[in-house]
Structure formats: structure tokens, C-alpha cells
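Okay, got some structures for you below.
Below, subunit A partners subunit B and then partners subunit C, in two separate complexes.
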Partner chain A sequence: MTLPNDPTTRTVRVPGTEAIATATRSSRTPVWKKLLRDPQAVITISLLVIIVLLGLLTPFLTSHGPNQTDLNAINAPVGTPGFLLGADESGRDIFARLLHSINTAVIAALLGTSVALVVGVLGGLVGGYFGRITQSATEWIFSLIMTFPGVLLLIILMPVTRGDYRPTMLIFGVLLAPGIYRIVRNLVLGVKNELYVDAARVSGLGNLRILGRHVLFVVRGPIIIAAAFLAGTSIGVQSGLAFLGVGSIEIPSFGAMIASGFRNLYIAPTQFLWPSLLLGVITASLVLLGNSLRDAFEGAKPKAARIGAAPSTERTAGADEAVDARNLVEIRNLAIAYPQASGGIAEVVRGVDLKINRGEVVGLVGESGSGKSQTAFATLGVLPNEAIITSGSIVFDGQELVGLSEARMRTLRGREIAYIPQEPMSNLDPSYRVGVQLVEGVRSSSSMSKAEAKDLVLSLLARVGIADPQRTFDSYPHEISGGMAQRALIAGAVASRPKLLIADEPTTALDVTVQAEILDLLRDLQAELDMAVLLVTHNFGVVADVCDRIAVMQNGSIVEAGTTLEIFDHPQHPYTQMLLGSILEEESVRADAPPAAVEGDTK
Partner chain B sequence: MTLYILRRLLTGLVLALLVTFITFLLLGSSFEAAAYTILGPSATPQSVADLMNARGWDRPLVVQYFEWLLHAVQGDFGVSVYTSLPVAPSVIQRLLVTLSLIVPALLITAVLSTLLGVWAASRGGAADRTAQVISLVGYIVPGLLLAIGLVVIFSVQLKWLPATGFTPLTDDPLAWVRSITIPVIVLVVGGVANLAAQVRGRMIDELRRDYVRTLRTRGVSTSSIVIRHALRNAGSPALTVLSLEFISMFGSSLIIENVFALPGYGSFAFNASLQGDIPVIMAITAFGVLLVFVVNLITDLANGWLNPKARVQ
Partner chain C sequence: MSLLEVRDLRVAFPARGFRAAPNEVLHGVSLDVAAGETLGLVGESGSGKTTIGRAVLGLVRASGGSIRFDGEDITTVSGAARRKLSKDIQVVFQDPYTSLNPAMTIGDILAEPLIVQGATGRDARAQVRTLLDQVGLPSDAIERLPREFSGGQRQRVAIARALAPRPRLIVCDEPVSALDLSTQARVLDLFVEIQRATGVAYLFVSHDLTVVRHISHRVAVLYRGDMVETGPAAKVTSDPDDPYTRKLLLAAPVADPRRQQERRLARRALMDAERTA
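Presenting the complex of A and B:
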């Protein structure tokens, strides 16, 4: 049946370069070992092997031919001597016909799948590896094949195929090819950009050998997965067509048997049952096997999770000590962990203590992966769902944030704590005009009318240094520059005059010339609104400019904290000294380069 | 946007020409067989040659194709070789029967898949597992078997719904609903299995994006983030899947119609092919391509509306 699993029309989930990476990585644990551990794979493979074996052993299992009729046995019930499963309307042995139908199905699957694989893989290699013109030509051809309803074409071409299922399946294979083509082409495009192909090219290997060695190796996982689905689809379509009556009545197949059973439904319902059952088991096994193969080759996909679910917390003592009222934020003994694939959890932040006074600018400095962004997200209450706050407390303005409900947290976030992200473009919703997004934010955290919110946003856009606020307001994110987008995000963040602004690497993704302007803007706004600012950065140059105090993070812990002057004049910790050293060397060359992780691994 | 639509129109036009041309070429070998069928048992090589000559079938295929095309663009698809009736009206009538199955099925599929996919992706946990099981079950049950199973239960056993036959919507809306209920359910089960999984996947990806976090930090409500923002962004790729789903349903319905003896496109195409009725086959192909073309155009327009970037490309 063509229904759900018809890859002529189904978009195949296309793995990107990450999938390439996982495919390569997972090849260390042999795939067959993973499959053997997966009961679904073991059961489906066993069923399929048994069924195929039954088909192969047909001559030994029955003496009846598939079209051999016995007038005495018309509609014979199950268990009639010599007719194990009974006989059909023409007195043909159902058991014998089932066995022969298996062989028809297997041949149909082999033909359809192999044509699809050959055409798709070749098309994908050509379309992905060679130049732009070849690429768009193949793309065009395959999308053309994909948009045509395959079953209709197969019916129309009956005069050409004479209804024989073999040429029909060959044509159907071509119709299935676009799915494979897409997978292969995208993988080739990905692999092409990987260094090892370049390296191979430099070392003088020919184009064909590059394709053969590297691409086909990487591509084999997705192809094996797709083959399972293709086989199921081919069998389904062959049965469907045979059910319609396409093809010779001499060819035993599930479709023809189902059609005959369906005609006889009122007289002998079991005749319909046997072929249906077997066809159902085969196609279901192939789909389930495909799913198991996907898991084995590609690993777990990202899981769905409730948005805004407060991270699981396991609070510990030490959090309830008296809090100093002068501090706007007081983080104590904070630890954040993530569950691992192996079952345990890995702590990415541990024992972090951090205080921010009202109106104070604190720099949180460290390399990527040091846990500084995690600390910031925990304060904002926007940690990913799988994160667990294993211990500690975050007190904001006298209120404990750890374990606070999403609803309470949300009102705090909009009004009192604001956030400026690192990468301005990905932090704007591409589908809405900039102004609309900012107005929505403003109205979520206030009781302003649409018109009031719009006026406020326009004046804020002017305040953050955008020359033509109305134009930016009416632009889509892809129509404005990164610097402009960051200014718009800053405008959105300070709209509610927050008490605390958390800026996560606010200048890293910007051009060097724009970086200084954005820092100036932040400094001005901080003074104007008297906000406290937590500036998360890897760049000591940025910190020196604006921060009152600095905390240095490494491997999830704060290794040193103090006033900016203290840290710059007398860095105590070797890691701080290293970071400072690296900016002095690199500042003139690469102002935005992350400090090299030379001594970072002093675990 | 205009340029974008023009380009898509042009692509569609080329598709239509190419598919009809290739079909015509492939059918070329069966003109003689058609002549034999028409003449019946009394056919002799001479009478067949005369008939082919009289009908112009012995001319070069390319010439014949362009003649067909010239008439087709004026809406003249010729007459059936067997019945001598004009082809176009009967093709349209059969197409409408099939469309009256697919269109409701597609709408229901779109609504159910969106609900299920969004629910699964934004709730996670048990909701997500439920949605995945629903998808899997819909996926592994062959539509043909589901169709027959439902007929056995609801038409044969319970006698709630007619087992076969079709009433046009314009004749009796209620009878129409009853006549399409089971085929539509079958199409929807298969459609939801595929589309809900796609919506779920897109939504999970979308909800992990940076802009979602930024919106959250501004105090924007979860429902607005899920529906206004994430769903809208997931909508554009999901729409492409929906258009492919339409084509997939079209293919499925050709087979399923047969279970219910519906006078749709499938049985029509089957009979025409069996008889080698070339004008009818060509009209069926042309209308099939036209349908695909219209669906793709609607998808492109909707994509342009959903996705501001598509408008400028």
C-alpha cells in the first residue's frame, strides 16, 4: 500500500553534518552489536528471515502449484486435507499461493529498492560533488520525479509494462529514487566541506576514489535505513497494484489474493485474512526494522520537553542563610548538571557563589564551556529542560528563584531581569517584523496598549542609536545588519527598565567596529537606568572597559573574584594570568578571538 | 514575490510539457495494440495498417504529440477511441470524485497533525510518547488492509455505513459524507502518521532555537511562543510536507477507491490503460500534472505568506 510510507512523496529526514559526525562516531560501537541488543530489531529481522526462507523453500513445503485448480476444493475451509489453509474461489491452495506470493513480494522489493538505490546514489553523488550547473540540473530532475503521483504513472504506463510487476517495479524504483538522492546529495555536500576530502584531494587521489572511499562510507548508514523503508513501500505498492488488477492473473501475489478474498468476504472471510496478515507482518516488520536501524546508526534524536518546565531541583542546606539586603543578586553554592547518555549526570557548574549589588556591573569571565552561560541562564530561569539544579540558591531582590514557578518567573523576567544574547540574528524570530516582536515583549511585561508600546519601542530604538527607527521597526530580521539587530535586542531588553541586565557575550558576534559602540551604549544605558549588569564574556578587554568587579570561571567553578583593578593588577590564579596574558598578546590581532585553551585542562 | 511566482509557474509549465511528452513517447509502442483491440478478432495486418493510417497513428510520434498539445491547450482532449465520447468531461468528473475524498482527508490530516505534533513537542513526556505511538501505528498498518478492515466492521457487521458507492456532494450532502467516511478515515490515518511526526520534529527543532529563549526572557507567554512563534516557523517546512502528502494521498486513493467501488480517477485510469485508450490516458496524465501544478503553486503562495524570506528569493 502506498499510504504513509511512500518515499516518492515522503520527505526523508535529512541528516546534516552533525549526523555525519554521529554516523562516523557511532561506527566505533559496531552497529550490529547495537541491533542485537534491541529486541525490536531482533524480532523483526527474525520474522523477515523466516518469511523469506519460507518463500525460498516453497518447492519443499507444498506440492501444489500457485495456479493449480481443484474443482472439488473450491472455497475449501481451513484444515481440509491437502489444503492446510483452505482453497480459494477457484479451488487454488491458499498455503501454496501464500508461499509463492512471498517470492513475488521479495522480488518486487529487491527490484524497487535496488533501482531506487542505484539511481538515487548516483544522482546524489553527481549532484552533490560536481559544479553548480550539474547540481541544479540533477536537483531539478529529481524534484520533477518527486512531484508526480507515482501510482498514477504506473497505472498509465500499463500498456508499456504490459502490467508485468517486474518492469513496473523497475519504474517504481526510479520514482522512489528522489528520497535517496536527497540523503546522498546532502551528505556529499557536507562531506565535501570536511577537511579530509580536501586533504585527500591535495594528496593526489582522483575524484572517483575520493567519492568511493569517503562519501560511500559515510553514506552507508542512511542508505541501509532507507532501504528498509523502500522495501516496505515497494511491497506495498506491488500489492496495491495487484489488488487493482494490474498485471497477469497468473502471478500469485498478496494483492491478488487479498482481492480474491475481498470478493469472497461474505462466503469465506478467512481467505482474506491470511494474505492480509502476512502482508501486514512483512510491511510492519520492515518499518519497525527501519526505525531500529535509524536508532542504531544515528543515535537518539532530541526529545520533546515541556517548555518552561522549571528545572528539577534538589535543594540542599546552606541556601537558607540570611541574605544581605544590599545585594540585588546573591547566588550561593549553585550547581547545575545534565543527564548523560550513560545514565549518570555530569555537573557543568559547581559551587558557584556570586553577588551583584544594585547598579553594579559584574563581569563573569571564562572560556566557552566554563559554565558562565549556564549560570546566567539559571538566573534568568531559562535553562534547557534537561538541566538539573542539583544544589544552591539564587536570591534576586529578596526572592528565591530556584524552584520558583514558571508563571512567577515569567513576570520577573519581563519586568526586572532582562537579557541580551550573543548572536543577534538567531535571537530574533525570522517570521515577524522587528517592531512586532519588541512590542509583544513590552506588552507581555506591562499593561500598555498596542499604541503606547509601539511609541515606547520607537523611542527606545532611537535611544539605542538606530538612525531610522520606523524603518527598523518595519523590517524583518533578515533585512537588517547584525549590529542593528543587537541594538534592537538591547532596546527590547531595557524596555521595562529592569533592575538586572544579563548580557551574554553581547559583542562577540559583531564586527570589531560595532563592538565598541555597543559597549558604549551598554555603559550609557547602565548609568542612565541605574541597572545592575552581569556581563558574561570570554574577553578581558571588554571587562576592563565596563566592569566594577570580575569573577573568573573555569570548568564550572569560580576560580577567582575581585574588583577589576585587583584582578588586572594582581591576578592570583594561574588561569586568570593565562587569560590576561592571552589578551595582551592577541588583542591587536584578533579582538574577538576566544583565548586559546592552552592550559585550560588543568583538571 | 512576482518573480518568485513567475519562476514557479515556468517550472510547472516545463514539468507539464515534459511529463506529457515522455508519456506520449512511452505510449507510442501501444498504438498498434490499440488498433488490434478496436478491430477485434477479425483484425488483419492490412486492416490494422489501414486503421492506423486513417487515425494518423502511423505518423512520427513527435508530430502527433504536438498536434495533441495544440488541441489540448485549447481544452480539446479529443474523443475516446472506444466510446467516441469527448474525453475532457469524463476525466474532470472522475477527478472530482477523487478530489472529494482527498480534499477533506487532507484538511482533517492537517488539523489533526498540527494539534498532535504541537501537543507532543511542547508537552513532552507522556504526550510525546502517545503521539509517537499513534504515528507508528498509522505507519505500519497498510492502508489497503485498514480500508478492508473498516468495511468489514462498519459496513458489513454494524451496517452503519455503505460498503460501496458514491453520492456526489451536490446530490445529497449527507449521503456524500457517508459514502466518503471510511476512505477518508483510511487516508487520514496514513496522512497523520507521517505529517504529525514531521510537525513534531520541526516543532522540537524550533523550540530549541535561540529566539525562543529570548522571547521567554521578555516574559512572553508560553502559548504565544509555541503557537505564534514556533508553529509559524515550523509551518513553512510542514507545508511542503503537506503538499507532498496531497500527492501521496492522490496515489493511495487510486487504490483505495477500488475497495469501495468509487467511480474515481484510479479505476478510470486503470480501465483506460487496460484498453490502451490513448486519448483518455493522455488526458488523465495532463490533468494529473495540472493538479500537481496547482497544489505546488498553492504551497508556494502559502510559503511566501508564512516565510518572509521566501518572498525576496
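Presenting the complex of A and C:
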């Protein structure tokens, strides 16, 4: 046997650098910039900053202490000299008390939130990252904390905290921690199995470093979002306790002020208004800020890609030409585009012409992103809803498919055009038996009775090489192998004896020995039923095995088409030549000796 | 003496359910990798090929047998001793999309293993440039995030990260199977080039015989947790002794319509012979 020498020299044929120039500097907007563009975030942050500043500047803004009473000013109205917002039932300056209450609220929020964050994040990291025993132990502890009745516990513990709101908020922080713990633990469980965490471990990083650098980074966003809500909750609970009169009455607080205003509601209604207003603005700002943070960190929610209904079209009138009787599918000048976020549209397929004759196997070959699957989906009529066929026509058996109603398309899809997918498992519903799903498919495209359909499915399952059809019929998808599932789907696809079978990378997810069997099966069925096959693939071996003709796609266009032998023997287009040149040759066995072994032993 | 010596390696994963028997995925596999050599590990899904690599890396625990690196038993090494090994044993994973932390710049990703090994920040930066150069990426990649690169380029970053501590062995777990055809060939060539320049050894795991043949000096074939054949790459991948290897070889379609037709007929003949036997 001849061993073509050095395998590295072979790739001289492969042109230049691998799209390094195309590595685009995609938008990498920092979170704070995104926030600055969001009016909701800008307004809420400004409000919160102003309020906190007011609190900090209290000594300069008022000469009244929070509990300083002036018996002459009892229930003084708004605008009384020295009492900007009036005074309360004890003659205390409401404006001064509001400013002091801001500080109370800020401290309460800081204490509650930071304790919740520290306890929750640590618990979540430990509980998510380490082994099973640690995991169940932390889970148990946090579940226990969750069972405590929060506010009630805080009231009961008043003798311990001596009515001071600060230790109360520390305890409340612990009670809030399970929420954070849950978020962090779930994120960590997800991240832990990421390959980059494995890679970090192999790089020699210790657990602490991995947690700090790789894991904590992922949970950062959700934690910041949760913190905004926690701050609001802490202020709310502190005020609520004060409103109930639990804790020291010495401490100025929105809750205490509202309670006092409440008692005086009929005498001086505005006393009730000011603290409620400020408390409302603070908590609402925190909640809205939390929402803005969520948008900034997690991005806008992706639109659900609904598949169905014929995509909108702007058709060019195609002149009717004499129809070739052998011709089954004729795609002319097809262009498919998607709307972009920036406005405008991006064409993913342009000017595609493709003919498929009856009983012919056509391979549509290309690398990822070449538009080969989009072309196949357009022929099936299952492009995503936002896709636009901007021009062109697809004529199937004398019938124009572009612009056809969904109902007509559906009958065609069931009976005359069939489809087998790349991932057989994801095309079977895991909660129904395989047989039931196949029978349903057969009955939706024909007028068979249930029993007839079942007999047909069983005979087809036997035909596609399943040894025990009844057993597969009665199995759930998870009980059968990938190869078996693909066979079952092929059985379903050919049940109506379709004229055209569209196979999208039908063997890519399968083992090579199974792939060979599935390709054999496809070839046999194709000959038996005289059906045309459009095979979408990136694998030239598969093409060489089953295809009569090939069309090569690159960047949305067909660059070359011809019979399989023509293309393999005399590729014309440089891209086809490059692709065929990149195929690892069968004979090229590595011939050079291991570098380190050269000087020493020669076996 | 071999650089890596795996003897009678067994790995079992705990089964779901109370007191269920553990599920053994490797039933005693032995292999050697010499310094500077590539051993290709071929097998289909469920053959245990990836598990061998992960056991060598210490990512799964062996339930039996031994793994020796450079004469030292590393079967149960963990903690600080395992971290020390990271200087010598590195990895390139299959999926270049999930094996790089999406939030870190390429520069940080590559500097991390260097800093762990004790390099200063400035040293690390300088070495990162050399590494990028070594794998054919422009040096302005340092400031960019993984998502700005194509699959092939990301895999180059992953290779650079593996090379950073100048290891003596790199476990390559299907490093080209997620890549496009034209990219695949170039990345494989890069592996060969690097091996020539640095003398690193590869344990190269793949389901694709053609890929393995291209890069390996020796090849081992696995089937359902057992090694069925091992030997020089040319022999195992062209004229195998074992019936399963032969089946595997004939099942892979060759990108040449005429030769594929011959191969298909040969495979059918083998299958028929198997059926009648």
C-alpha cells in the first residue's frame, strides 16, 4: 500500500485564512450603557439617588430632630414657618421626620438585602457545586428556614432584638435568603456541567477560583436583579412592623409616620399622605428598576418562532413554460429573507434554481449557514413565520407552492411530500407511543380506519427493517435507539407513497454503522416507490453513496450543479474544488514518526 | 516507558434508583501513549471512548484498574496533586461553543491557566500573544469575546488554552466533529503542526475513522466498553483483523461515487456472510 506522505502539505489546496476577517466586532454593550438607554431605568435610578441624597443631607436640610416636639406646632398645617410639611400630633416636624425615615429605610434595605445575599449566595454556591451530601444538607437547612412564618417570627423575637430595627432586619435577611439560594443553586447546577468549567478544572484551577471566576459570573445578573426586589421587600417589612407599632417608637420610620397620620386622618389628612407617597415612590422605583435590570442583563425575550402559515410573498410573475413530464419539482430564482432587528431584511437564500426529476435523488450540499436547509424548508412550506419569500417560484408537480394556502399545503405535505428530520428523537412526542404517533400521521393524510392504519404501520415497520414491529409500535420514544427512531420516522414518511421525500441531514446524528443501514434503506425504498429524494447534507460520503445529482450551495446561492460523477470528477467552481479538496483522503495515513521517539527507539 | 499507561481501566456510573447495580461503561481497558505520539481512540456512541479521556483527566473516577502518567499512579489523585498534573495533561473538548466561558475575553481565557501556574500578569500577556500566533489567530483577538469567533476559530482558542502550560499530553475529545468540512482539515493540520513543534502527545478520541487515520500513529478501536483492536494506524484503519473494525471501516462512506459503490457492495457481502454464518 502506498502512503501519501506528509498530511500537512496536502492542505495547500485549501485557500487562506479561515474567515478570520469575518470575525465581526459584534455589539458588546456594557450593562450600564443599556440601562442608560432605558428611560424607566434612568428615571427610577435618578429618583432613588435623589431620595438617598436627601437622606444623607438631612443635617443640612433641617434643624429639627426626628423626635423633637414643639407643643405649639401640634397638627400644624403645611407651610407653617419652620414646618415645611406641617407637624404631626405630637408637634414633630413632618419634613424632618421624612428625611430621617429615609435613612432608616436605607439602612433597613442594606441590612436585609446584604444578609440575604451573603447567606443565599454562599448557600447556593456550596449547595449547587459540591457533592451530594453537602447538597442535601444545604437544601434541608434552607427548606427549614422557608417554613418559618416571617413577620410573625420577627414580632416574637422583639424581646431578643430589644425593638431595634437593625437586628430585626438582620434576621429578616436570613428569612429572605432561601429565595436567593434557590436562584443561585439552580444556576450553579446548570453551569457546573458546562465544558468550560471542566476545562477550568483541567487547567488546574481550585474549586474556590472556579466558583469565583466562572460560576459567580453567571449568577451575577440574576442576583443583582433579585437584590433590587429584596431591597423593596426589606423596606416594606420594616415599615410594616413600625406601622403595627412593633419595636422602638424612638426610631423615625415611614411605618411609624403612616400610623400616626392614620390616627389623625380626619384632623389632618396630609399627614398620612407624605410618608405613604415617599414610601410608595421608593418601593415602586426599586421594583421597576429590578425590571429594567432584568431587561438589561437578560436581553429582550426572544420571539417564539411559530411555524406554519404560508410566509408573505412578493412574487414575480413567472412565465409558464412547457412543462417537462419528467420534472417533479422546479425551483426558480428563489430568494428567502429574514427581517433584521435593525430594520431592513437579510437575504439567506438568493436566486436559487433547482430541478428535481421524478424518481431522482438530488443532494443539496453545503456548509453550515449556506441556506441548504432553508431551501428545503421552503419546498416543504414550513419556513418560520417571519421568513419572507422575496421572489421566485416553487412548482411541484405542476402546482405553484409559493403563496399556497396552509390548508392546501398541509394535504400536499401529508400525501405527496414527506419529510425526515436530522434529529429523529426530537420529532417524536415523548409522551405517546411510537405506533400511536405513526397511525395518527397515516390517518391524517388518508381516509383509513384505525385498524387499517395500524396494519399498514406494522407492515411498514417490518419493511424498514425493524425486527419486532409490534414491540416498537408499543414503545415510547425513549425506549428505542436513535437508529430505530429514524427507521420508524421513515416508515411514517413513506406510508402515503409520496412523490417527493425531503431528508434534512437524515444520518448526521447517527453512528456510522447505523448511517450505512439507513442509507441502504433509503436507496431501496426510493427504487421501490420510485420517489424523488431531496437530500440535504454536508457529508460528501453520503452524497457519493446515494445521490444521482448534486447542487452545491454557498452563502445562499447554488454555485454549481450537475450529476454526481461530473461534480466529483470535474468540479468547476472554486468553492466546490475547495470543499472536495478539504475532504480527508482515505489513504492519507499519518506517516511521520512521533517527534519524541525519533532519536530513541526505532521500532 | 510510556508517557501514559492505562491498565485494566474500569469505570462505572451509579444507576438511578435505590440499590440499583451501577452501570459499568468500561470493562477493563488497557492502552499506552508514548511521548510525542498520537493514539487515536475510535468507537461509536456508548463505546466508552470519551469516558477513557475523562478518567485520564480526573473528571470521572475509575472504579478499577490504574492510570499511570510518567511512571506515577494518578488513578485516584485529587485536590492539589491533581491540580499540579494540569501542567502536564490538558484537554480540547468537542464543542467549541460551550468550552469557552462566554463572559471572558480570549485574553483572559488564555491567561487563566498561566496565572494559575504562577506566571505574573505581564508574563501571561506576553505568552498569550505567542499562543495566539501558534494557533494562527490575530493578536487583536485578546480583547474579544468568544461569540465574535466562528467555530473553527474558537476551537483554535481552545487549543491555545490547552497549550498554555506546555503540557506533555493533550486529551482531544472529538475536537473537529462540530466543525465544517473545510475548517476540520485545517484544524487537524494545526494539531499535527503543533505536535511536531512541541513534541506533545495526543490521546485523540473520535467516532470518525478518517479523522483518526489522518492524525494518529496508532489506533485503538472500542466497542461497548471493550477494546477490540489496537495497532499501527495504517494497519487498523486499512486492513483490520477484528470483524467489528472491518464493519466500521466499510460503513463509513467514502467521498468518491465509484469507490463508494465498491465499498457498499463489500459491506453488503460482509453483512450477508455474517447473517448466514
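Before moving on, here are some points about what is shown:
Please note the rule applied: the second predicted complex is superposed on the first by the 336 of 603 C-alpha atoms of A that agree within 3 Å, B and C clash if a C-alpha of one lies under 4 Å from a C-alpha of the other, contacts with A are read in each partner's own complex, and residues count from 1 in each chain.
The rule we apply is simple: a residue touches a chain if its C-beta (ideal position, glycine included) is under 8 Å from a C-beta of that chain, and two chains touch if they have at least 3 such contacts.
Please read all numbers here as calculations on a predicted model, not as lab measurements.
Of the two partner chains, subunit C is the only one touched by A:L519; subunit B is not.
With both structures placed on the common chain, the touch criterion links A:D511 to subunit C but leaves subunit B unconnected.
When the two complexes are overlaid on their common chain A, residue A:M448 makes contact with neither subunit B nor subunit C. In the overlay built on the shared chain, the residue A:V78 is in contact with neither subunit B nor subunit C. In the overlay built on the shared chain, the residue A:V118 is in contact with neither subunit B nor subunit C.
Of the two partners subunit B and subunit C, more residues of subunit A are touched by B. In the superposition on chain A, A:G280 makes contact with subunit B only, not with subunit C. Under the contact criterion defined above, the residues of subunit A that touch both subunit B in one complex and subunit C in the other are 1, 3, 8, 11. Taken together, the subunit A residues at the contact with subunit C in this complex read 1, 3, 7-8, 11, 14, 17-20, 22-26, 28, 194-196, 198-206, 209, 213-214, 217-218, 367-368, 511-513, 515-516, 519-520, 538-545, 564-565, 568, 578-580, 582-584, 586, 588-590, 592-597.
Contacts from subunit A toward subunit B in the complex involve residues 1-6, 8-11, 13, 140, 144, 146-153, 155-160, 236, 239-241, 243-246, 255, 258, 262, 265-266, 269, 272, 276, 279-280, 283-284, 287-288, 291, 301-309, 377, 380, 382, 384-385, 406, 410-411, 413-415, 417-419, 421, 423, 426-432, 437, 440-442, 444-445, 476, 478, 489, 492-493.
Considering their complex, residues 34-38, 44-45, 57-59, 83-87, 89-91, 93, 95, 98-101, 103-104, 112-113, 116-117, 136-138, 141, 144-145, 147-153, 158, 161, 164-165, 180-186, 188-189, 192-193, 195-196, 199, 201, 207-211, 213-217, 233-234, 237-238, 247-248, 250-260, 264, 267-268 of subunit C touch subunit A. Put simply, subunit B touches subunit A in their complex at residues 11, 15, 18-19, 23, 26-27, 29-30, 33-34, 120-125, 127-128, 136, 138-145, 148, 152, 156, 186-187, 189-191, 193-194, 198, 200-201, 203-205, 207-222, 224-226, 228-229, 232-233, 240-241, 244-245, 247-248, 250-252, 254-255, 258-259, 265-266, 269-270, 273-274, 276, 281, 284-285, 288-289, 292, 296, 306-309, 312.
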